[in-house]
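Here is the structure we will look at.
Which chain is which? They are A, B and C, in the order written, and residues in each are numbered from 1.
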Amino acid sequence: MTLWANALMEGVLLGGLYALFAAGLSLIFGIMRLVNLAHGDLIILAAFVVLSVAAWLNIDPFAATLAALPIMFLAGFALQYCILNRTLGRGLLPPLLVTFGLSIIIENGLLELYSADSRRLHGGSIETSSIALGHSIGIGVVPLLTLASAIVVILALNFIFYRTALGRAFRATADDLEISQLMGIDHPRIFSIAMGLAFVVITIAALYLGMRANFDPTIGPERLLYAFEAVIIGGLGSFWGTLVGGIIIGVAQTVGAQIDPEWQILAGHVAFLAVLVFRPRGLFPLPVD
Amino acid sequence: MALLETRRLTAFYGDFQALYGIDTVLQLGETVAIIGANGAGKSTYLKSIAGLIRGPAESVWFDGQPIGARQAADVMKRGITLVPEGRRLFPSLTVEENLLIGRYGRNVPGPWSLDAIYTLFPALKARRNSASTTLSGGEQQMVAIGRALVSNPRVLLCDEISLGLAPIVIRDLYNALTQIKAAGTSVIVVEQDIVQALRVSDRIYCFQEGRCSLSGRPTDLSREQIHLAYFGT
Amino acid sequence: MAKHSKSLAGTGQYRIVTGTPVSLVAAGGTLILVAVLTALPFFAGRDLLENMIFVFYMLALAQCWNLLAGYAGLVSVGQQAFVGLGGYLLFALTIIAGIDPLVAILLAGAISALFALPTALIVFRLRGAYFAIGTWVVAEVYRLSFAQFRQLGGGTGTSLGPDITNAVFGIDWVKSLLDVRTPAARDVISYWAALALAVGTLLLVYLILRSRRGLALGAIRDSEEAAASVGVNNARVKLVVYIIVAAVTGMIGALIYLQKARISPDAAFSVLDWTAYVIFIVVIGGIGTIEGPILGTLIFYLLQNYLASYGPVYLILLGALAILVMLFAPKGLWGYVSQRYGVELLPIRRRLVWKKDP
């Protein structure tokens, strides 16, 4: 019984990580209908950036992430401004294929720079510390911090979206691109800010990815799939929905692994396909499409 | 010097030419009406001024500057706002957010604060936190006008604000337009409803198949002249 | 080449034609080329044959993906599902059921089509870009599921024994005809099978696009709403295309793994090998045309030959090339050429031609 409870608990905490993966993807799709196939590779790229900053400045991963955030914001802004904006408004293929090409470039660029070795972000004693719950269940501090960060990120994104002028501009642009220009909204700039913001979320996700487990340049696409599954399960356009979606994928994986370690990833995918079959619009669809 | 001027303004949709050399003038403080049948090019004319359709820089002049090639966001920041045909409110924004977004790109002091707009359209104040999609057509039109007004523009462009509304609502909207004019904003209205257009405007231009067929002061023009310019027969 | 003709008031005739003088020359050239390629084993070495097999199956995969994405608007990033499925079916049918490999290739196509139907029912719930990632998830499910089959080697995979690969139908005939040993004869048979599949796929795509359904596909490519408004049943046309492509892709997969004689889940369901390369071929060559993927395959073959040894750098270049083409020549190199010079080698476009009565 404790094993299952433990699996469930771990799944919920893993869901926090997947929600962080998903929030950035959801943000970008919500504002500019861009599905970024390089999202997973960008998370891995961010993990390597944090790794390098930590090594270079000789600081711990948390401080390195803080230092990396502005760089990553600018990188996201520049990527959108210089490349991705050119792909929008020209149909389905250009954004898909350009981000797919980007995904290949990032993965192989990282292989070239960092080799295929597994890496990890080392945070010292925090990595192994846990909070005991009863006599046989313990919660790792890092997984707990991951979930807490996911909640904080979602609160922050909701605040930006629904309480600030920038958020109004995001929503107005998503609603009606032509009319938003009449409000003096410079949409290439708005899209670039959104991508910069997504890169900030990606970098936070990368911190916890790198502290919880090993990573190497090739594991990006799988992270894209988890993020995507969480977004679809949650229903497009709701950040809280991505948290629920992330938790469902996380629990499916840990419970699947409890049955047979080889079923971990498969169980997550199957849970996603099941939601797709029974609730094709996700669990929390928007009232208006 | 005129506040806003179009000089030999042309516009194309692909190979289709919608405007053939339109010359118009708007003086400071004036209200000008553009009338004409469906497809005469009235909306295209407004979109060309607002920057949604771009052409040669010298085809539109505002405040002594050529702005024909400017982007819509830039034109708005200079002080020309458009109330688009069909209202086009942002569905995921509340009523008040729809008004606030109107000053995203330009926020200059002037008579039209949020409160002043709620005074102009009292019906909106009670609905300020409602989703804009739940409003009646007339209320939506009020939000669309308020949204274009809240940045205190120097020129307000109105595209068919009476479309699909009850006569009593149309009268209220045009009364509001009179107040807007009185507060110093120059206005161009595009209308199919000739009666309303003649009532508020200092001058009119009549468009027919992309060309200007008649212009003048409403008091100087006879019904027959307008009828001929409007329908072409 | 006239498909329809209508008389108009006795002064002349409008005819709808698809052929052009250039295309007739191209058709003749194609026939000669196919004949030469068929005879190639009589005078070429094994290296060339093996390279050509690679070209043929990449060409066939590219044509399939182009039909899906370029015409039906189904941008799949999960076609490796059917390559791997076909490969595994070949192994299952030959190792477990003892069926002749060539027959197994055909069966693999049929069974892939059967798998495609339920797959489509799930992924068709996703639209546009979401469809793309959805197909990728499904391919992962296929990969992880096949890794569970202990009989086929589980996660590490398995090999086809010489007892199976050497027992291919017709191998003795080829041995005596060309006077070669068994491994070379096996390559010759794979070569002919690959040639047949590539030509067959090309012909199939060409015929589909020339048919009434092809007209519907062109309409969908240009505008889904407009196609629906003139009575095209978008969903049905797309489903049919998806299943046909799955069947052909399954057969190609079976052939690839007959040639490789060794399969593992990671290789058979590789998104890089069976989808990324294919997408790059189509995008660089020219999406939404038949000629584009042919040109793309040739370019890809050259790049692969000269640059593949650079590993990651090669892939970075390939990705960058695809991005540049998409941004600056979205119709690909062939689109650029045909727009500039008005050439169509394999015309599928209908043109209205006025012919005056004598």
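Here is the rule we use: contacts are C-beta pairs under 8 Å (C-beta built on N, C-alpha and C of every residue); 3 or more make two chains touch, one makes a residue touch a chain.
Here the structure is a predicted model, which is why all the values come from computation and not from measurement.
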Taking chains as nodes and touches as edges, what kind of graph is this: line, ring, star, complete or other?
line
Chain pair with the most C-beta contacts:
A-C
Go ahead and note the Å separation of the Cα centroids belonging to chain B and chain C.
55
CA centre of chain A versus CA centre of chain B: separation in Å?
44
Could you tell me the distance, in whole angstrom, between the mean C-alpha positions of chain A and chain C?
34
Listing for chain B: what residues touch at least two other chains?
none
Please output the residues of chain B touching chain A within their complex, sorted ascending.
50-52, 71-73, 76-77, 81-82, 84, 88, 90-93, 97, 100-102, 104-106, 133, 147-148, 151
Parts of chain A lying in touch with chain B, wherever the complex brings them together:
165, 168-169, 171-172, 174-176, 178-187, 288
Per the touch rule above, chain A residues touching chain C in the complex are 34-35, 37, 83, 86-87, 90, 92-98, 100-105, 107-109, 111-112, 221-222, 224-225, 228-229, 232, 262, 265-266, 269-270, 272-273, 276-277, 280
Which positions of chain C touch chain A when the two form their complex?
69, 73, 75, 77, 122, 125-126, 128-130, 132-134, 136-138, 140-141, 144-145, 147-148, 155, 271-272, 276, 279-280, 283, 287, 311-313, 315-316, 318-320, 322-323, 326-327, 330
